[in-house]
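Given below, in the form of structure tokens, are the structures.
Next, two complexes with chain A in common: one pairs it with chain B, the other with chain C.
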Partner chain A sequence: MSILAQAILNGVMTGTLIAVPAIGFTAIFAVLRYPSFGVAAYVTIGGFAGWFANTMWGAGVLPALVIAFLVAGAVGVAGEEGALRRLRPAGALTVAIATIALNLILENVVRFLFGNDLRGYDLPLKPDLRFLDLRVGPQQIENVVLAGLVMLAVFAFLRFSRFGKAMRAVADNVDLARLKGIDPQVVAITTLFLGAGLSGVGGVLLAVDTSIDPLTGARILLSVFAAAVLGGLGSIPGAVVGAFAVGIAEELSLLVVPATYRSAIGFAAILVMLTFRPRGIFGERAV
Partner chain B sequence: MLSYLLFTLTMGGIYALLALSLNLIWGGAGMVNLGLAGFFAVGAYASAIATGAGTPVAVGLVAALGAGVVAGLIVTFATLKLRDDYLAIVTLGFAEVVRLIALNERWLTNGSDGMSGLKAPFKAELGTQGFNLFYLALVSLVVLAAWALLRRLDLSPFGRSLKAIREDQELAAFAGKRVLRFKFQAFALSAAIAGLAGALYGHYQTYISPDHFQPLITIYIFLAVSAGGVGRPTGAVIGAYAVVVFLEATRFVADIAPGLQPVQIAALREMLVGIALILVFYVRPQGILPERIPPAPRTI
Partner chain C sequence: MSQHDTTRRDLMAGAAALAGLIALPNLAHAQGAPIKLGSLTPLTGAGGPYGPVMVKAIKAVVDEVNAAGGVLGRKVELISEDDQTNPEAGVRAARKLIDVDRVSAILGTWASSVTTAVAPLCWDSKTFLATVSGADPITALPHQGYLVRTQPNTTLQGRKFGEFALEQGAKRVFFVSPQTPFQRSQFENITLAVKAKGGDTGALIYDDKKPSYRSEVDEIARFRPDALVLGGYAPDTTVLLRDLYRAGFTAKKIAFGYSVNQKLVESLPADVVEGVFTISPSSAEGSKAYERLVKLIGVSNPDPYTTQVYDQVNLVLMAIALAGDASGTAIKDNIRKVSQAPGGVKVDNALDGLKAIAARQPVDYDGASGPCDFLETGDIADCRFRYEQVRAGKINLIKIA
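== the complex of A and B ==
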């Protein structure tokens, strides 16, 4: 029983780590309508930007998150808006393939600058807390709280700010939004900044949880995609629910299959979901 | 120098098969396979396991074709009725799962140590140099056969139906084309060709391991097909050889930029591949050989 409870608890922690980049991926998908594989690089870049701030300037987790958001967001806008904008008329698949190339370039910029080694943040080690039979790291609790705050801020932004409303309008119907005087270009740039920035924030949370290397983002990409597909591509609340579902499924899977297959769980989740409920939990257009 | 040339041309042929595989479904039906490296691996392992059990290499190649078809059908099953980006995501996951299985099922694949001592046909009889020549001829012949087959297919009613599906799925269905069946067939055939390429690669190297099937190969092939011209088998083949030449040329990055560490040179080379792909999309989206749309045949 306590094994099960521990697995679910761990799943919630894993889910929060997936959720933040999944929101970023979904936001870009909802507004620009292509799956951006660049998300993997933004996660890594955010993680490294935070690591640099942490180890060079002694920044704590909170300032590291802000720096990661700004750096990854700026890189995302520069990359996808600067290099790929002209390709968008060619269709979603072409841009998606171009984002794979962009991802490869960015990932290797990180490798060029920092090498392949694992890097850890310079943070004080704290012993695990125990409740009944359950173990939790204080850093994990901090992560869950921080990720929760970030998610709340995103929801508030989308719900109440002018920009958030404009984004949702463009996601809903570009032509109608343009008629209403919304500039889709500005919305696209804002969305890319938000999407890439959130991925970067996710990178710091991941890095603080364990460590970071140039392939960190690529390794969680499948889980992020799984979360987005599970929730229904394009739905932000869906991405959050999907992330928790994937996180819990991954941790529960450890009880029955070898740990090495953990990242295959996302793939299995995608297949099952697409077979039985192609629109995901919070269904959006699938066809 | 000669053996280097033979090696480059043989690898070019193997990439050409992969490019033909991608061109069939991407150029033909507008579907994307981001898991090419996975199907490549499936073929290599299928043939390695079959010939390891004592069958001749020819049977191994057939096993690779069969394994490719099965893998292709499994992957497309859940996604065919959905938008194309779902297929992209699923194929990406498939390649990852293949890599995990190759790494973890030691009883079958020998894990990260890889499988060595794969049968190299006629190597004992021909000697190393003779074998390299023979194998180049074999691979080139397979490429030629696959190219001829796919070109015929391209110009046949099957190929035209695929392109109709690519341009407008609903319209093709309305015109009486069985869209799902066409997509299934195209993907299975494409996966089989990728599997065959894997088997040929395995028996050439006589050693395979999960490291040989990195996702990067998929990007190379996308570069090959985009550069050569999406939708034309000839373009795919030319593009593949061009990419192999390009990849070999990037080796000289080290000479231009001295004082860099090996990891930095490797990073620079991969960056160049990404930059090349984006540049091709920018400068020549239709590729070296743009697609020809043949006039519709007269029916009366």
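== the complex of A and C ==
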């Protein structure tokens, strides 16, 4: 019994790490209507920006998160607006493929600047806390809290701010939004900044829990994508639920299938979801 | 329209130019076209820390030999490619080296998965392949002699891991590893060694691309091992070590030297890696060849792969000189005549070797990685191992045996 409970607890922790980039991915999809695989690079860039702030300037986790958000957001806007904007009329598939290229380029820029070595944040590593036969790391609890706060902030931004409302309007219906005097271009840039920035935040959370190298983002891309599809592409609450579902499924799977196949769980989740409920858990596309 | 009409004269001139172009490579050859060697090492990916230094060592030997007049009166040209520690990228790069650059030999393939993928291209095209990969099945491939390795195979390595765990007082030994070509053989040979002394073993194969291994650690702990053998590469081992530490895992940990290296140690808090043992095939530290390599590349403590590729390029160049021919087949037929000629002159570098070969003396090369004597299969006959332990953030030598 405790084995099962521990696996579920581990899954919640894994889900937290996937959830924040998944929100970023899904926000970009909701407004710009293409899957941006660039999020893998934004995760990595955020992780490295935070690492730089942490090891060079002694920044704590919170300032590192802010810096990661700003840097990854700026790179996201520059990359997607600078390189991909002209491709958008050619359709979602074209842009999606171009984001894979963008991702490779950004990944290699990181590699060029920082090299291939693994980097760890300069933070004390604390042993797990134990209760009722279960164990959980202090850093993980901190991560869950931080991720929770970030998610709350995103929900509040979308619900109450002018920009958030504009984003939801554009996601709902571009033409109607334009008639109402909303500039879709401004909304696109804001969304990209938010989406890439959140991926960067996810990168820091991932990095403080483990370590980073230029492939960190690429390694979790499949799980992030699976979470977004599972939640119903374009739905932000869906992405969060999807992330926890994927995280818990991955950890639970270890009890029945060999650990080598852990990544396959993400694929299986996408396959099952698209077969039986193509709209995802949260149905219609809505921010 | 008339602009595009081709006159007979144009046609003749074009044909003549074309014929000239085709003849050019042969012409160049006659004047001593360079002998081309390829290096295929991991400059990126899990093997990224090793590839660049390996290339440096090969390049240093090539430069040295060129400065002394080359081989067979021809310059040696090195073409360096990145296999990204990835079989697909490795195959693409090998195709380029073989089909476009037409190299005689490819040196340095590191990951066993890359070597396994690249080897058939080499023997098919009669290109010689020298590798530092350790997986057993590699030398069992039908390579027809076109492959040698300077790294001891996994049967030998697995046994050493098992024996060392027993030496440390372990009865229950657990092995964790990602899916690699040597994982099965490594575990089988650990098990053989441990069960022979009445111990027991267990194994877990994990996905090496995950951000955390908490559930895997739970599964390891359920076996209650006295010693844990870590079979992964540096990135996944880093994540695993952190999670083992956080779980309060106290059993002895034994890892490959290439995975728990100085860089990994530096990237983790000291407590996490404290006490981890590492085992690696040992270089011939203290030998003249080793000292020479240190001076040549300016790296004070070259890793085993660097010492091995240094030996590979020396051997290949000497084999070409002895054969009087730079083809892959010539290297295949002559490599053992320069590495282990009975009663040959002992040499430890290509320059001395080339002089001895010019003087028609048989040559027996002993290099920076060891004696470099090859069996029929392409495996090396003998090798020593290096046992180290992490203490206070530094890797300390325990013994070489």
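By definition in this document, the second predicted complex is superposed on the first by the 284 of 287 C-alpha atoms of A that agree within 3 Å, B and C clash if a C-alpha of one lies under 4 Å from a C-alpha of the other, contacts with A are read in each partner's own complex, and residues count from 1 in each chain.
Quick note on the criterion: a contact is a pair of C-beta atoms (placed from the backbone, for glycine too) under 8 Å apart; a residue touches a chain by one contact, two chains touch by 3 or more.
Because the structure is a prediction, the values reported are computed rather than measured.
Clashing of chain B with chain C is the outcome of superposition onto chain A. Using the contact criterion defined above for the overlaid structures, shared-chain residue A:P124 touches chain C, although it does not reach chain B. Touch criterion met: A:F112 reaches chain B, while chain C stays clear of it. By the touch criterion defined above, A:I281 lies against neither chain B nor chain C after alignment on the C-alpha atoms of chain A.
After overlaying the two complexes on the shared chain, residue contacts for A:I8 are found with neither chain B nor chain C. Look at A:T260: by the touch rule set out above, it reaches both chain B and chain C.
In the superposition on chain A, A:V61 contacts neither chain B nor chain C. Shared-chain residue A:A101: touches chain B; no touch with chain C.
Clashing C-alpha atoms between chain B and chain C turn up only in stretch 207-215, chosen from 27-35, 45-53, 171-179 or 207-215, once the structures are aligned on chain A.
When the two complexes are laid over each other on chain A, chain A has residues 111, 115-116, 258, 260-261, 263 in contact with both chain B and chain C.
Contacts from chain A toward chain B in the complex involve residues 34-35, 83-84, 86-87, 90, 92-94, 96-98, 100-105, 107-109, 111-112, 115-116, 221-222, 225-226, 229, 233, 258, 260-261, 263-264, 266-267, 270-271, 274-275, 278, 285-287. Residues 30, 32, 34, 77-79, 81-86, 88-90, 92-94, 96-97, 100, 103-104, 216, 219, 222, 226, 261, 263-264, 266-268, 270-271, 273-275, 277-278, 281-282, 285 of chain B are the ones that touch chain A when the two sit in their complex.
Residues 3, 6-7, 10, 13-14, 17, 111, 115-120, 124-128, 135, 137, 206, 209-211, 213, 215-216, 219-220, 250-251, 254-255, 258-263 of chain A touch chain C in their complex.
Residue ranges on chain C touching chain A, taken from their complex, read 44-45, 48-49, 178-179, 204-207, 209-212, 214-216, 218-219, 234-235, 238-239, 242, 245-248, 263-264, 267-269, 271-272.
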